[in-house]
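Each chain gets a letter, A, B, C and D, in the order it is written, and its residues are counted from 1.
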Amino acid sequence: MEAQRQEAAGCADDAQRALSERYRAVRELTVALVAPLSDADATVQSMDDASPAKWHLAHTTWFFETFVLRDHVPDYRLHDERFPFLFNSYYEAEGRRHARARRGMVTRPTLDEVRGYRAAVDAAVLAAIGTLPQAARALVALGCHHEEQHQELLVTDMLHLFSENPLEPAIWPAARKVPVAMPGPIGWIARDEAVVEIGHAGEAFAFDCEGPRHRALVPAHAIADRTVTNGEWAAFIADGGYRDARWWLSDGWAWVQREGVEAPLYWEMRDGVWTRFGLDGRRVVDPAAPVTHVSFFEADAYASWAGARLPTEFEWEAAAAAHDAAGGNQLDVAGAIEPRPSAGGPAFFGDVWEWTGSAYRPYPGFRAADGAVGEYNGKFMSGQFVLRGGSCATPRGHARASYRNFFYPHQRWQFTGVRLAKDL
Amino acid sequence: MEAQRQEAAGCADDAQRALSERYRAVRELTVALVAPLSDADATVQSMDDASPAKWHLAHTTWFFETFVLRDHVPDYRLHDERFPFLFNSYYEAEGRRHARARRGMVTRPTLDEVRGYRAAVDAAVLAAIGTLPQAARALVALGCHHEEQHQELLVTDMLHLFSENPLEPAIWPAARKVPVAMPGPIGWIARDEAVVEIGHAGEAFAFDCEGPRHRALVPAHAIADRTVTNGEWAAFIADGGYRDARWWLSDGWAWVQREGVEAPLYWEMRDGVWTRFGLDGRRVVDPAAPVTHVSFFEADAYASWAGARLPTEFEWEAAAAAHDAAGGNQLDVAGAIEPRPSAGGPAFFGDVWEWTGSAYRPYPGFRAADGAVGEYNGKFMSGQFVLRGGSCATPRGHARASYRNFFYPHQRWQFTGVRLAKDL
Amino acid sequence: MEAQRQEAAGCADDAQRALSERYRAVRELTVALVAPLSDADATVQSMDDASPAKWHLAHTTWFFETFVLRDHVPDYRLHDERFPFLFNSYYEAEGRRHARARRGMVTRPTLDEVRGYRAAVDAAVLAAIGTLPQAARALVALGCHHEEQHQELLVTDMLHLFSENPLEPAIWPAARKVPVAMPGPIGWIARDEAVVEIGHAGEAFAFDCEGPRHRALVPAHAIADRTVTNGEWAAFIADGGYRDARWWLSDGWAWVQREGVEAPLYWEMRDGVWTRFGLDGRRVVDPAAPVTHVSFFEADAYASWAGARLPTEFEWEAAAAAHDAAGGNQLDVAGAIEPRPSAGGPAFFGDVWEWTGSAYRPYPGFRAADGAVGEYNGKFMSGQFVLRGGSCATPRGHARASYRNFFYPHQRWQFTGVRLAKDL
Amino acid sequence: MEAQRQEAAGCADDAQRALSERYRAVRELTVALVAPLSDADATVQSMDDASPAKWHLAHTTWFFETFVLRDHVPDYRLHDERFPFLFNSYYEAEGRRHARARRGMVTRPTLDEVRGYRAAVDAAVLAAIGTLPQAARALVALGCHHEEQHQELLVTDMLHLFSENPLEPAIWPAARKVPVAMPGPIGWIARDEAVVEIGHAGEAFAFDCEGPRHRALVPAHAIADRTVTNGEWAAFIADGGYRDARWWLSDGWAWVQREGVEAPLYWEMRDGVWTRFGLDGRRVVDPAAPVTHVSFFEADAYASWAGARLPTEFEWEAAAAAHDAAGGNQLDVAGAIEPRPSAGGPAFFGDVWEWTGSAYRPYPGFRAADGAVGEYNGKFMSGQFVLRGGSCATPRGHARASYRNFFYPHQRWQFTGVRLAKDL
């Protein structure tokens, strides 16, 4: 009995240590990602969809301070009473907040002051972690996953900001390239009609929108064993793909016309060669690597042109379930990142988020959690499409087969790419 | 042998007579619907989403002229060579066309000239119908369904136009009201998880997006036996439903704030009483009748407030399959129309189109038809939600259990309403 | 004594008869101008700057009904109590009014009903004219001038509407052309520095903004003896004038870029020849005729390109004072109109309104009249430029040397043209 | 002869020393003004009308580098070849340039690098100044005046940026307040009609738009001996001035409605007291001080309400000619600044720029200078109004009686105020 109690306590100690370790690692990676940024780099907002790096740094901290420290640590005093107004995002229940489109006006607090905010909250969380009730520990874990999401946005928002600078600065040195052969033709993974289990199961962490796990009927189909490459995309462009209404959804065609879209985001033809901008500056596009920074509209048009379609999220999940979600080209350390040519063999995780043909809607039985945290995902369930798989900017360990990312069909500043499917 | 041939000929005669009859009836109803309109009424475009009545009259005619007469009747000469540019809608393959938002600039041809265009094409179609190849007859049938869709738009676009006139003109006398008791509480129709057949089957006409018929797994759920009433909606308003972010999707909340939405379209509080505008002018809202002219955003918010959700289109179709698609309050003759209080018993057709929680996306195996007619439905499959059932403005006979209507989540000038569902 | 009284009465009779005659003539011309319009033609609003013909017909009538009949005829009952809301324009003091940009929604009252409104008000005014107090007679006179202004707008708004119709309908037959030799080079009328009297003097009617008459110092300068021709303008285009920032004001250059302006409004190059749209349809541009439908920005850019400048309104008025304001090509009867090649000799009135380099601002001592009528002109005195002279759409007799027309620098749907000037 | 030559050389030496001294002083003040700014503060652009501090620092430097060093110093190599694209402003002749509205995207070069750019150009200019041809020295002088203009914009743009930060940071300590009695009623300075000389004369520096000096007839009028105070403005607000269309120009009324304007920029009612935001944070409004941050529309409306009008720029110049342009409350050193209550006696310079009723247009005989520098002022001569006098943010010595500042009628982020005038 005593031994059992000790063992339980030991387990609890292990769990606490693991949680502390996890917290520390996540928080450190975030700081490492912004290491090359100046105060100005970290402050400017380059478009409404993006947020300043400083805001990401502070908002993820606000999450822990609000839902863990404020709500669960007796006598906790806010680091700065004005910060909640500045660094809340969309949690209506948490009261008024600074307009999203004006986040770039906040030149003060400075980047250093925000680092100080992070350090103070980190100290308080780590000091409290041993005495937190279980519900609060779950919020620490949730906050880590939340911060990982923002790590990815941090990278893509930085990329967008620097792309707006005519000087096209390189923030990181280019990654070393390993020469890889051009991938061969797409192979097709066929599957008969079947009722499959979809969604997250088990005790491990998952966002609310990944459940409840439920049965779904997946029709007979085939799914590609790799994503579309830059070389294939260049052929689509060369074939006039962006100028032919046949391939496009009506909204997509309007978008292409209105925005004058002619290639993936960050691509520019220079001296007859396709180049792209990245955190390592402007460089020549690698035809063997997965295409990225394409919108759903572009992905869907490409699929039509190729005589195929996008997979549904269920088809994708059924196919990906057998693969290692922690494999592939995902984010491990700070530095220049980009999709890389496949070394071979089907891979469903890493490199690029893959647009599916599924609108982002709730699973059967979905219920939003109560309270402010409950606003988390359900409120975005209109007008967006699901992406699956994780990208080179996704922190390794963050992705799962059941993971549902989502964006509007015109958005493309994330590392988004295309996998084809077809009916059988 | 000879007898068989005669019988076959007889069948063909019957089929031809039926098609001619159908054609005549559809075309006559359209003309009846615009009987009270002046040339000016028929010309003005009140918003980008709506089209002038004259345009509807001409566009439906252009459809027959182009795909039946031009393509299948030897030596047919266009009634006016300038009309295709004016009256094509979104058929990119049919070439350049007049900008949608400028349709209201076309004061000429006049309403009378457009009536003349209709008469000429009608004569040509009816003269040719006996000799048309089968493919062309199918296009005549398709054109009739197409025109029925435009009949409904004609009614709702007229309503919108007149609602913009400060004089609030009544175009038709009010329908005679039969006193009906207030409906009782919603009853719930429960169903266990099951694989069901979804989509159109058989030889009868259906739009491409209604198929292919396929199996889908529908989870355990309950669906309401009637739609939400005006009285219930007034309670939602009185409870502050339009001012409480909790109930709203994020995009919906932005829409409510931006547009200052406080009630269904055409509702106005006058002297403390809710009124609505209709083709019979402004009148007091009937609390027993189904609420209408609400957007998906409003429908979804109402469902959240009511502790329920919207049904999926599959749940709806499974429930509706047993009901008479030609029953209920649908459009039979020209005149003032509006949703009416239920006489009792579950009804799934008529009164109001019911927002489902399903995004408008292709069924497994869907392929767009080839050529210009093939542009028909597939290209709209992003950003819109499916509505089911048919409304008081839907020509009786047009609706089916498999019928998929679709609109953007903010649109509400159609007769759109709400049926609730819940997970079991 | 008696004789004197009779003579006075006789004078009054004459004045009354003249006023009645004037009223009748003005009102009839308005009706003649819209003779070819259908109900739809008269209802549609083609842009925010323009108004429907029906609105012009009713608004000018509202002016008489409000300021003459309502205010000065005992027991007068409004023709329709709902009309003031619909047909007031910008008289804030007269209460709420229908939004300008929604004027085209008013399909009812019909054109015939508005004609009935005109007839009823005409009858009432003509019946009352003998007994009106002098102040009210002055308002009748003011109303006639007001209506003349709207006659010109009526013509230009109709032209704009029909230009939006892809069918390019011709409403009137083309005017008969008298062959005229190409005008020779511009002659320059020089004037030394002088203090001159500017503004309206005397008892005859003038708008408030034309006074008070005052002294102004006009510097030494030369003013062109004719306006710029279509042929000269085509040379400006051919020389790349629309693509060279050097010639343009900063706001003008932004406008050219944003709107993609490449030629005067209604011009289109067809088969290598410049054509223009008019109320007689699309026809070849006459190189000898004055250029028209150019904005201030274009006029100013042309002048820079030509090494000249626009005249000030004082320079123009000083030069024009010696010329016959009722001469030249002005509006006499309904029909197709357009600027015509000069028959020779300097002319300052008719053909085209001439952009001056003077911003529209009050003269020294200007005071707005009291009450609603007083809103008339003063409130528009920001952001607009003065035009002088009158055009082919200006009712003959309406223009004066002191007359100040005004528009925003980007507007060009009026018959606006260019006269050059230079410093000496 | 020799002595004369030496004297001439001595004069030249003196002139060169004076120019060097002037250059040094201007450049140092600019740097002092941004002393409290972080890299982020100096980078963000808070609205399209404003520019980042870093941009002002670099653009003024670019002016010297381009027009002095590049054009007049043999073998000069640009500090950075990419800077002209970034830091050119509106000199079309100088080639492509970065879009104005995207200036805030340029996080790199950093503030320190821009300081380095300044230092390098300063060293080169000061080294070259002795050997520059006279034309180039004139450009150095022009560049100093140009930089003084940007000093004022720097201050007002910084103020606008910090006003967008919800934390309302105080960048400078508040100025020490000397208690001053409330100013008495406005005194009126009357003047009979007269022909006066207007515009810049003599050898001293002036911008092109201030000349040529010319005669103008100024009518009999009276001009106020002081500007309108905050206390008087509060009375206008309290009297409903912002809600009464009578006082407003039509464009102004539309602006007030559209923007929801209810008080001068930066004013907020807190606990029943009017406060304003400044570089010293948010503080209570001083009723005795001149009102500032009002638009032309507001100034004009106030004048109408007060039964007066705005002075013309000629009336203003005639009255101001006798006053010391270097007196009053103008910018001497970096620090918090704001309009101060008058110590007594008429003052025409300092505190606030005074809106005149004159549109910004060229004087008789005005000609734009040739080449890129010639684009300087003439191209802005549409749609803007002239302001006279100089403000608390105008570097002392920069203002002149002939100085013509200009802004659009809705702009109010400059220190702009109101002086009344009336007709006699």
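The definition used in the following text is that a contact is a pair of C-beta atoms (placed from the backbone, for glycine too) under 8 Å apart; a residue touches a chain by one contact, two chains touch by 3 or more.
Just so it is clear, the model here is predicted, and its values are computed rather than measured.
Using the mean of the Cα atoms as each chain's centre, the chain most removed from chain C is A.
Computed centre separation for the pair chain C/chain D is 39 angstrom, with centres defined by C-alpha atoms. Taking each chain's centre as the average of its CA atoms, chain A and chain D sit 47 Å apart.
Note on chain placement: the centre of chain B and the centre of chain D lie 61 Å apart, centres being C-alpha means. Residue positions of chain B in touch with at least two other chains are not found. A ring topology is adopted by the chain contact network, closed into one cycle in which each chain touches exactly two others. Across the complex, chain B meets chain A through its residues 90, 92-93, 193, 195, 214-217, 219, 221, 245-246, 248-253, 296-297, 300, 309, 357-359, 361-362, 364-365, 379-383, 385, 409, 423. Within the complex, the chain C residues that touch chain B are 38-44, 46, 82, 85-86, 98, 102, 104-111, 161-162, 164-167, 169.
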